[in-house]
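The letters A, B and C name the chains in turn, as written, and every chain counts its residues from 1.
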Amino acid sequence: MLTLSQVTKRYPTGDRALTDIDLTLPAGQVMALIGPSGAGKSTLIRCVNRLVEPTSGSIRLGDTELTRLSGRELRRARRAMGMIFQEYALVDRLTVMENVLSGRLGQVGFWRSFLRRYPADAVTEAFRLLERVGLPHAIDKRADALSGGQRQRVGIARALLQDPQLLLVDEPTASLDPKTSRQIMRLIRELCAERELGAIINIHDVALARQFADRIAGLRAGEIVFDGRPEALDAETLTTIYGEENWGEEEWDTQGQAADEASSSSVEPATRLSLATGGAS
Amino acid sequence: MPVSTTTQGTPIWRLRTTRAQWLGYLAWLAAGCLFLLCWKVISDNTMWVFVEDAGRQGSDLISRMLPPEWTYAHRLWKPMWDTMNIATLGTVLGIAMAFPVAFLAARNTTPHPLVRSAALLIIVSSRSINSLIWAMLLVTILGPGVLAGIIAIALRSIGFVGKLLYEAIEEIHPTPVEAISATGASRLQVMSYGVLPQVLPAFAGISVYRWDINIRESTVLGLVGAGGIGLQLNAAINSLAWNQVSVIFVMIFVTVLASEWISARVRHAIT
Amino acid sequence: MTRQAMARAGQWRRLPMIRDPRLRWGLALGGLVYLLLALSTIDVNWARVAEGAGRGLNFLAAFTQPDFVSRRGDILDGILESLTMTLTSTVIGVALAIPVGLGAARNISPWPVYYLCRGIITVSRTFQEIIIAILFVVMFGFGPLAGMITLAFATIGFMAKLLAEDIEDLDWRQVEAVRATGASWWQTMNHAVQPQVMPRLIGLSMYRLDINFRESAVIGIVGAGGIGATLNTSISRYEYDTSAAILLIIIAIVLLCEYSSSHVRRWTQ
C-alpha cells in the first residue's frame, strides 16, 4: 500500500538524514522502526506526509505519488495519513473535543472550523472514538488538564478521526511510564487490527517493538540495516543497528540501574551549579 | 586564565586577567569622557541664570498650584471621557491593524521573507515615532479633534503590539502546528487551530497593557490639538492658571492609576 | 440532555468563555453600547478633512524625497542635543534608580523607605514625560537641561520599578548562602544580589536608552531641547520634506540602537 523507493533526504546543512530508502508496507501491517537517536526515524515518517520534503526518490500511497503533490492535493493526501506524536502535540488551550475534531480540518471549510460548526457525523464519530479510547467524560476538559497517557489517547482519537488508511506514529511512548506505554501500544495495535490500518511506529523501546509489531525495520545513519520479523531480531542485528553493547543482559535490570544512576547524580550537579553561580561574583 | 602562578610558585586568583582588566578600565574611561562631553554640550546650551533661580521658581510654582481650584473639576468630565475614548478606540484600531502585521512579521508564519521585512519595517517605524508626533502630523492633515488623537494612538500601538505579538508567535510550540498541518488542514486553519490558541493569552495581555499605556499617552495629545484633557491642560498653562493645572494633574493621576490597576488585574487573571 | 449525550447524537458547540448567559450577553451589550457612545463623540469636520487630504498625500510623497539639506543646521543641532540628552539622562537616571529600586524592594528595605521609594516611582510613571517637561521648563528655563532632568526623572520610575521587581523575586538561597559566610550588608549586595540582577539591569538600561531617545524627540515641543522643536516647526509650517527627513533619521537611530543593544545583551550573558 505504501511504497518508498530510493528516498533520500539531505538537509540544507549538507547532513544526509536518509539515503536511498526502499520500503514497502502492505495494508494492515504494523511495522516498528527502531534505531539510535539521529538515525533518521522521525525524518523518514515526516517525509511520508511531507512535513519534511524528501530530496529525491518516490513515495506512493496506493496509486498516488506523494512527492509531487502540492496545495490542495497534498492536503487531501495528508487526510489519508493519521499522525501520532511523541509529545502528543495537542493544542493545550483547546478542549479535548476540539482537539479530536481538528482531525477533520481537512474536510471542513475555514469558517465552519473557525466557528466550530462541525457536521453532526463528525461530532458523533469523534465522540465514539473518545469512548473507544476511554475518555468520553473528558470532552470539555482542556487538553493541558489531562495526564500524559490520556493526552496520547486524545492524540490517537484525533488521528483516527481522519479515517486514515495509514498511521504514522512518532515515538508514542517516549514521554510515558512503562505501564502506560504498554497500554498505549496495545491500543494502537488493537485499533490497527479493527480498522485494518497499516502503521509505521518509530520506537526506542526494542522490547515494546518486539511485543507489538508484525515487522521490525532497523535504521542506522539513514540506511535500513535490518528488515524482518520480530523473532529474527537477535543480539547480532541489534549490534548492527545500535553498535556494540551487551545485548544479552536482562533489559529491565540495566535500565533500572541506569535510572538509579541518573536520579542519584541529578541531585549533585544542581548543588554544584548553584554553588558555582553563587561564587561566580 | 584568572589563576596565575607567582615566581614563588603560589597561585594567585584574580577575577579577570590583566589584559581584560585594562580593557575594562579603558572602556570606563571612554564612557566617562563621552558623558562629560555630552554634559558640556548641554551646559553650553543652558542659561545658568535661570537654573540658579530654579528653587525659587519651583516653590513659587507649588504655591500657585495650591490650593487646587476644585470647582474647576466639573468642567473636566467631558475632556476626561474624550481622553478615555481616544485611548480605548485607538487601542482597538491599533490592535486590529497590528494583528495581521504580527503574523506577517513572525518568522514561522510569514508567507515570504520579503513580506516579513516589510512588516518589520512597519513595526519599527511605528515604534520609533511617538504618538505625539503622529498627533502633530494628523492635526495638520485632519484638523484638530478626537479623530486625530485616535488615529495617532492607533498608529503608535501597531508597533508595540505588533512587536510583542510577533515575538510571542515565534515562541510557540511547533509540534501542535505540525500536528494540525498533518491532518491536511489549510494554511488559515493551521493558523486558527495551531497558532492562535497558543498566542491568545499573550495577545490579550499585550492589548490590555497597551491600553493602559495609551490612557497615559492620550492625556497629553491635547497639547498639540488632538483632543482630550490635554486641551484643557494647554489652556490652563497658557493662562498661567496653575491652580487649575493642579486639578488636572490630580485627575490624570487618579485615572492613570486606576487604568494601571485594572490592566494589572486583567493581566493577572489571564495568565 | 448532558453535553455527552448530545455529542453522541452529533450535537456539539464550543463551551462559551463565560458560562453565565446573562453575564455574557450583558457584557456584550455593554461593550456595544460603549462603542456606540464613544464613536458618537468623534466629530469630524469633513470639509477640513478634504482640505487636509492633499497635505496627507504631500506628507507621504515627502518620504520619497526627504530634504536633509535646507535645514541641516537645525537638524544637526537638534539631533546632537537629543543624543546628548538621551545619554546623560540615562546614565544619571539609572544611577539614581538603583538606590530607589533597592528601597522599593519589599524584601530588603524597611517600611518607611519602601513607601517613599514606591511613591517616587508612582509619580514618575504616572505622568507623561511631556507634562513633567512642562514643569521643569518653568523651573529651569528653556533648553536641554530641563529635558535631561525630565528624562532622568522618567528613567528613575521605569528602572526602579523593574529593578525592585527583580530583587523581589531573586533567588533567596544564594543571598542566604553569602550571608552565612558572615558577609556584611554591602558584601551581600555585591556578591549575591548584584550578579543576579546585573544582566537584566544592563539590558533594561539599553532599552531605556532607546525609549529616552524617542522621548527626547517630543519634549522639544514644550521647549525642553532636542530635535522635537525643529520637527514641530517643520510640521506646523507644512515643510513635510524636512519632517520626513527628521523622522527617517529618528527611525534610523532607533534601529541602530536596537541592533547594538541586542549585541550588548548577548555580550553580557
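Criterion: contacts are C-beta pairs under 8 Å (C-beta built on N, C-alpha and C of every residue); 3 or more make two chains touch, one makes a residue touch a chain.
The shown structure was predicted, so the numbers you read here are calculated from the model rather than taken from an experiment.
> Name the two chains that are joined by the greatest number of C-beta pairs in contact.
Result: the chain pair B-C has the most contacts.
> State the chain with the largest centre-to-centre distance from chain C, centres being mean CA positions.
Of all the other chains, the one whose centre lies farthest from chain C is A.
> Distance from the CA centroid of chain B to that of chain C, rounded to the nearest Å?
From the centre of chain B to the centre of chain C is 4 Å.
> So how far apart, in whole Å, are chain A and chain B when each is placed at the average of its C-alpha atoms?
Comparing mean C-alpha positions, chain B is 45 Å from chain A.
> Using mean CA coordinates as chain centres, what's the chain A-chain C distance in Å?
It comes to 47 Å between the two C-alpha centres.
> Where in chain A do residues touch two or more of the other chains?
Residues 98 of chain A touch two or more partner chains.
> Quick one: which bits of chain A touch chain B in the complex? Just the residue numbers, please.
49, 51, 74-79, 81-83, 85, 87, 89-94, 98, 102-107, 110, 113-114, 155, 158, 162, 168
> Under the definition above, what is the set of chain B residues touching chain A in their complex?
Chain B residues touching chain A: 175-176, 178-186, 188-189, 192-194, 197-198, 200-201.
> Touching residues of chain C toward chain A in the complex: what are they?
Counting only chain C, the residues touching chain A are 3-4, 7-15, 171, 173-174, 177-178, 190-192, 194-195.
> Across the complex, what residues on chain B touch chain C?
Answer in residue numbers: 34-35, 37-39, 41-43, 45-47, 49-51, 53-54, 57-58, 61, 81-82, 85, 88-89, 124-125, 127-130, 132-133, 136-137, 140-143, 145-147, 150, 216-217, 219-220, 223-224, 233, 237, 249, 252-253, 256-257, 260.
> In the complex formed with chain B, which residues of chain C make contact?
Residue list for chain C touching chain B: 34, 38-39, 41-45, 48-49, 51-53, 55-56, 59, 80-81, 83-85, 87-88, 91, 122-123, 126-128, 130-131, 134-135, 138-145, 148, 214-215, 217-218, 221-222, 225, 231-232, 235-236, 238, 243, 247, 250-251, 254-255, 258.
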